[in-house]
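To keep things clear, I will list the structure first and then write my remarks on it.
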Amino acid sequence: MNGTIDFDTHIRDPLYGYIGLTKTEQYLLDTTPLQRLRRIKQLANVHLVYPAACHSRFEHSLGVLHVATRMAKQLRIDDEDIINLRYAALLHDIGHGPFSHVFEAPIRDINGSDFSHEEITRRIIQEDQEINPILNNNTEDIIALLSEDHNDLLHQIISGNIDADKMDYLRRDSYHSGVTYGNFDLERILFTLRKKKSRERGDLTIHEKGMDAVESFRLARFLMYAQVYYHHTNVVANGMLQRAINIAFRDAIISTDKIRTSNNSFLQNYLSLDDARLLSLILSNLDSNAAILVKKLERRDLFKRGYIINISQEEDYDFKYKLGTKFTQKKAKQIEEAIAEDCKCDPDFIIADVVKNENTLFKSASTLLEEDKIPILIESDDGRIKEIDSFSTLTYTGKPRTIFYLFCPEEHRQKVQENAREIIIGTI
Amino acid sequence: MNGTIDFDTHIRDPLYGYIGLTKTEQYLLDTTPLQRLRRIKQLANVHLVYPAACHSRFEHSLGVLHVATRMAKQLRIDDEDIINLRYAALLHDIGHGPFSHVFEAPIRDINGSDFSHEEITRRIIQEDQEINPILNNNTEDIIALLSEDHNDLLHQIISGNIDADKMDYLRRDSYHSGVTYGNFDLERILFTLRKKKSRERGDLTIHEKGMDAVESFRLARFLMYAQVYYHHTNVVANGMLQRAINIAFRDAIISTDKIRTSNNSFLQNYLSLDDARLLSLILSNLDSNAAILVKKLERRDLFKRGYIINISQEEDYDFKYKLGTKFTQKKAKQIEEAIAEDCKCDPDFIIADVVKNENTLFKSASTLLEEDKIPILIESDDGRIKEIDSFSTLTYTGKPRTIFYLFCPEEHRQKVQENAREIIIGTI
Amino acid sequence: MNGTIDFDTHIRDPLYGYIGLTKTEQYLLDTTPLQRLRRIKQLANVHLVYPAACHSRFEHSLGVLHVATRMAKQLRIDDEDIINLRYAALLHDIGHGPFSHVFEAPIRDINGSDFSHEEITRRIIQEDQEINPILNNNTEDIIALLSEDHNDLLHQIISGNIDADKMDYLRRDSYHSGVTYGNFDLERILFTLRKKKSRERGDLTIHEKGMDAVESFRLARFLMYAQVYYHHTNVVANGMLQRAINIAFRDAIISTDKIRTSNNSFLQNYLSLDDARLLSLILSNLDSNAAILVKKLERRDLFKRGYIINISQEEDYDFKYKLGTKFTQKKAKQIEEAIAEDCKCDPDFIIADVVKNENTLFKSASTLLEEDKIPILIESDDGRIKEIDSFSTLTYTGKPRTIFYLFCPEEHRQKVQENAREIIIGTI
Amino acid sequence: MNGTIDFDTHIRDPLYGYIGLTKTEQYLLDTTPLQRLRRIKQLANVHLVYPAACHSRFEHSLGVLHVATRMAKQLRIDDEDIINLRYAALLHDIGHGPFSHVFEAPIRDINGSDFSHEEITRRIIQEDQEINPILNNNTEDIIALLSEDHNDLLHQIISGNIDADKMDYLRRDSYHSGVTYGNFDLERILFTLRKKKSRERGDLTIHEKGMDAVESFRLARFLMYAQVYYHHTNVVANGMLQRAINIAFRDAIISTDKIRTSNNSFLQNYLSLDDARLLSLILSNLDSNAAILVKKLERRDLFKRGYIINISQEEDYDFKYKLGTKFTQKKAKQIEEAIAEDCKCDPDFIIADVVKNENTLFKSASTLLEEDKIPILIESDDGRIKEIDSFSTLTYTGKPRTIFYLFCPEEHRQKVQENAREIIIGTI
């Protein structure tokens, strides 16, 4: 595995045995921003469904480093590029806030739509007093490598159709959750990776022999979303948590000023947050609705599904169409208020949400090209390269599985069940 | 696991820990016909591709007993029925000949199209001097349970859409081959099995909560066929072996008389055959083409793919249509002879075959009903039952993956490659 | 598995597939004290060595419930007793403080030697407003069952030589850490468990056929201690954390009053603590040495091994003897102060500790009887029962592996290395 | 993994994912002698206890190639040496007869005590028409490497204390049997392997950090012998099979002439034998006792334990001493005849055997040195090397577990049980 890389430490990993690290990587790992990832759960509230899923983004980052290296070796990428690739892999999630994606919408509301955890990652690499000096001259290369604009082979290894990120998290999340859905044939995919010859540095393709492993990979992704990431218990818990965060900002329990990107100590403030620290801040004012929600989460006293619509199966076309396409944050708020009024309940405790399991990996080549995305490319024995669609005899319709949820406290459930449909129709 | 069943022995199994057996089941297991299954490989020649796949039909039969029992417990089937179900599970493969499916065509050629291993199973249960007395009064029930005509819940547990047979072999064949394709979520399927209420004894359905496990189950089946059972190396090896058997019968190296079902000692003769004994008989005349083929198999000196057409991808519509629909045993023989003449080679050593990976589990409900088969049924939370199509947002086109192979000795490969297409077009 | 128990929910577990829960158990699970176990890591700081080891005591408690039930079924224990056994299993760790064992010494210093997490468990069962009403009339039985004084079969299932607690945590800690040391043959042990016939309710024995599984079980325990629980990185991290807690109490950063067992709201205060909340309290005064230590832990900036003595291998007998037998908390403090003085360092940042891997399960029967403990009992085919010693041809010398550690900040390492031996000799 | 080795093929393996092979290795693999290993079960009759244990010596040979390569990479052995090491690994079991060790005693009786499967391996490498030309100039190096006389580092990798052979078979036999006993921490051992610096090419040592992995490795070996290889059902089955082979030679059912090593076509004759072919030869005369025994084995109609003495536990010292030390083939025969006479039974059907589970890996350094064997060497952090005894606080007494078995047909069991002790005492 280690070609010319000289490892200084080895870390035990349940999926890969040992993961080797160079001295510099070890320094990187021991910085505050990376150690902080130990305190950010990979799957936020999923452990409320699958109690064993308590693993951290730290563990996942090491996994991505390992898989990215194996991909790079298979693709015969230069050692020099591999060094940067490994740094990028370690750092790819460093910009995540507490509870990862849950925190992203609230902080974007404060900072405007430019905000993204990828942008924070860039800033940490450039500005962090511990990380930047370690990376030295490689800083710009690593930022380029991680940037969505820079769609070359190295970038695709970290973030593409079939990338080290997904290949690690699908199997790792399965492993720790105790489910089997994410367990595709990693060895086969690694082994059939090819570099497309036509472009200078080339794109990623999979040899025909690996096509069935790709089939299981893309189904694995779909099923993990359906059964784990979008499990309704996780959806409601994340909804409650996000609501609590929003309230905490709205009611000035947490200062919004400190986490404005324009603030001089923004990075320091942002990096001081982790899962527990955020909850602690919210709980500093026990009377607020935010604290009530967090307290409920801590007892797993979750809101119930007051109303639920499987939009894909909805038979009233007009309703289906509106929910499927016109649902916005603003509409959600209107629905929540209307429902709250009807049950005489605080609108902070009504949550309307639409969850869409999109199956990007199953989209047809034509749809993807319209969206300016690259389809999965398969290389046949004779060297020709085609999109996966034209090889697969197992074609999928890419219809997303879309569900509308209305969550409410147990005591309002019946009332919500009775009146929700009418109220929603009237609102949307 | 053991409710009221009183186990006398426990057998260690790599998939399930321990499999308990009653005293009677132990007696059944220790009969000649069941012990013979130890000497019939579950996957015939697959070990020539995946060297670890040497497991036997004996091990699989125990596995089916175990899974069938767990299904039955979940479906709250009566203990009395479970007893018969377990016997049936143990016995379901007892009629298999050496190398299972490979032997079936040759022996059917001798006995006419009525012959099937299921029919042999029935005769063994009724006539075998060791087995019949153990089963006692239950004989007829077990035969009924195993019969394709008798499509009730118990039969479906052994042989249906989602049955103990497939649920065992997909995971077991994966385990011993070392691949991950067959590794669906058994626990989830078991756990969401339901009995349909409308019919007297009821049919099998899966609760909506298990739908994603079913998605992975049916993809597992498809992928195991694609990557293991229909792997081209297994196809050519089975082709060579079947050719050897055919020649051995044709040239009277093995007496066809002994295995005519009308022969008085047919059962005894049939049951004396196992994988090794059959090869031994063929090798008794070392000069025959049959022995030459077996010798080649023993050295893994396999014929090469002289010509191969992925019919699903073929662009000449007319050719595609003919190969896909008009290919028969007779046409195969004509092609083989024409090719053999062209390369001045013995036609015994040219093998034409079409392999079709059919994806039955992905067929639409309408197609299945036309074929008089039952689609997978899903029960929603509100108790309604629909075919899986209407629930799945991941719909597959059921196009089979069909491949035409022309195998030949290495030395004729080039010639075959050059002329095959023309010869086939001229013949078919 | 479920005999007459009627399960209402099933929870997915990576080791056992699904764990069934009754309605009452589900209520119990959803109480504040049990949900709090989600926020107490099973292995405190072990994740600093094995990054994947982030699992919680909550997950483990479910596991103990499952294994205890399987043991009870094998031993044919009455359903009524099984109900209590399951409650006891769920509750057995409920008295643990933050970071489990790390918190125990500091809180005992405050409350006197009577304090133990077992005692807290008892009080929670009797006094907690959520838990007590659910358990109803069974409260006293469950407390008895969990009590060390009450050494009957049920108690031994939860806490004995070969108990559900160890059988779960060895395999679970292995699983999540990614090591193989704890992976003994659970199925075989379960399967060879026997009830000793001579006493009224009987003791636990293992049939001779399971003796080798017991060998691997006790080695598993030893190796998990050596490689995981007593890994030097975990020892130093726990040492630093415990020091921080002690300082926080000493310097009144955390009020000792609130967690005096005599305080009226003791239980409430105690149960409000979890891993993160404790750290948060310590960090409320950033200037204290306690906060400095916690900050270091968060960056994985650990003290180094300034001096280390493998006492088992030490050749100076006198020194070995003293360290092995005379080392007390008071001596530790004296050593720390002497070292600190020598390197002109704050004694808060010098940690002296002795870690002893005791191998209880390997002790000879005679030693155990002297200690009033029960040896592992093996039942031979003829029904005779003997201690494991007389069956095992693989006898172990029970010598503990004892290591003395002196941890210090990196910058004092060299000085400590030079002078430690002399200073220790002069002090002890 | 692949440094400078250029792999041409990859073979799927359940333990290691993919095993890469060079073109030459692929040629070697496709020779008659290597393909024959597909037809020799790794564990002879163990599948009669663990039905899933049907794997072949072929699969194991690939595994040894893989582990040996990983060891060699860790030890930084030259590429040139690795090439030979890999050939030697592939070939190390090529001299095994049908049913491996079972066949060895009978054929040694014919050829004298010089005969060993290692000697056959040597002859195959030197004389086989397919293998010798492929190996070319390396033949002598490979023979030297495999020779017991040549105890350098390369030899120790294939056959030493901690060698690729054991490290593969313990885990592989566990995997296919479905037991967990053999599952030590391979990754840790590989990772802590060191080359001793003092000798020219150096010996194998393990760094102190890997000592606990070695503890689990040596216990794994002991337990696999106890629970799998020396399981009494395997012992009786192997006993019956060996008896059948002896009778077949004695009664000239199989010609002894053909397999005399002095015979010109010895190698060809020997290599034509595999598990099934040998049974076929024995069954060619259905009237002989040999055929009766084989027929019984095929129905799993095994002899019973008529008398069994756990010599380690025997209390009559004199008897214990004699059985433990004076038991020879000749004595066995006398006992068998005396028992047979007593029950009026054919002595061919009485089998006396002593099975000794020796725990070589637990022997003390002094015992091993007396036997001219090397103890396991551990390298401490400071570079000193000592035998494992002086590091391990877990010392084992090396007493072997020795059992005397007297097997007989069911119908004579009672009589044997009654009189065996007296008869044995009178005979031995």
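The chains carry the letters A, B, C and D, assigned in the order they are written, with residues numbered from 1 in each.
The rule is short, and it goes like this: contacts are C-beta pairs under 8 Å (C-beta built on N, C-alpha and C of every residue); 3 or more make two chains touch, one makes a residue touch a chain.
It should be emphasised that the depicted structure is a prediction, and the values quoted were computed from it without experimental measurement.
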Which chain has its C-alpha centroid farthest away from the centroid of chain B? C
For the chain pairs C-D and B-D, which is connected through the larger number of C-beta pairs in contact? B-D
For chain B and chain D, let me know how many angstrom lie between their CA-based centres, rounded off. 35
With chain centres defined as C-alpha means, what is the inter-centre distance between chain A and chain D in Å? 51
The distance between the C-alpha centres of chain C and chain D, rounded to whole Å, is 42
Touching two or more other chains - residue numbers and ranges from chain D: 17, 179
Contact set on chain D toward chain A in their complex: 1, 3, 10, 17-18, 187, 191
Complex contacts: residues of chain C adjacent to chain D: 179-181, 183-185, 188, 212, 215-216, 219, 222-223, 226-227, 312-313, 357, 359, 362, 390-391, 393-397, 399-401
Partner chain B, residues of chain D touching it in the complex: 11-15, 17, 30-32, 35-36, 38-39, 47, 49-52, 54-56, 58-59, 62, 175-179, 275-277, 279-280, 298-301
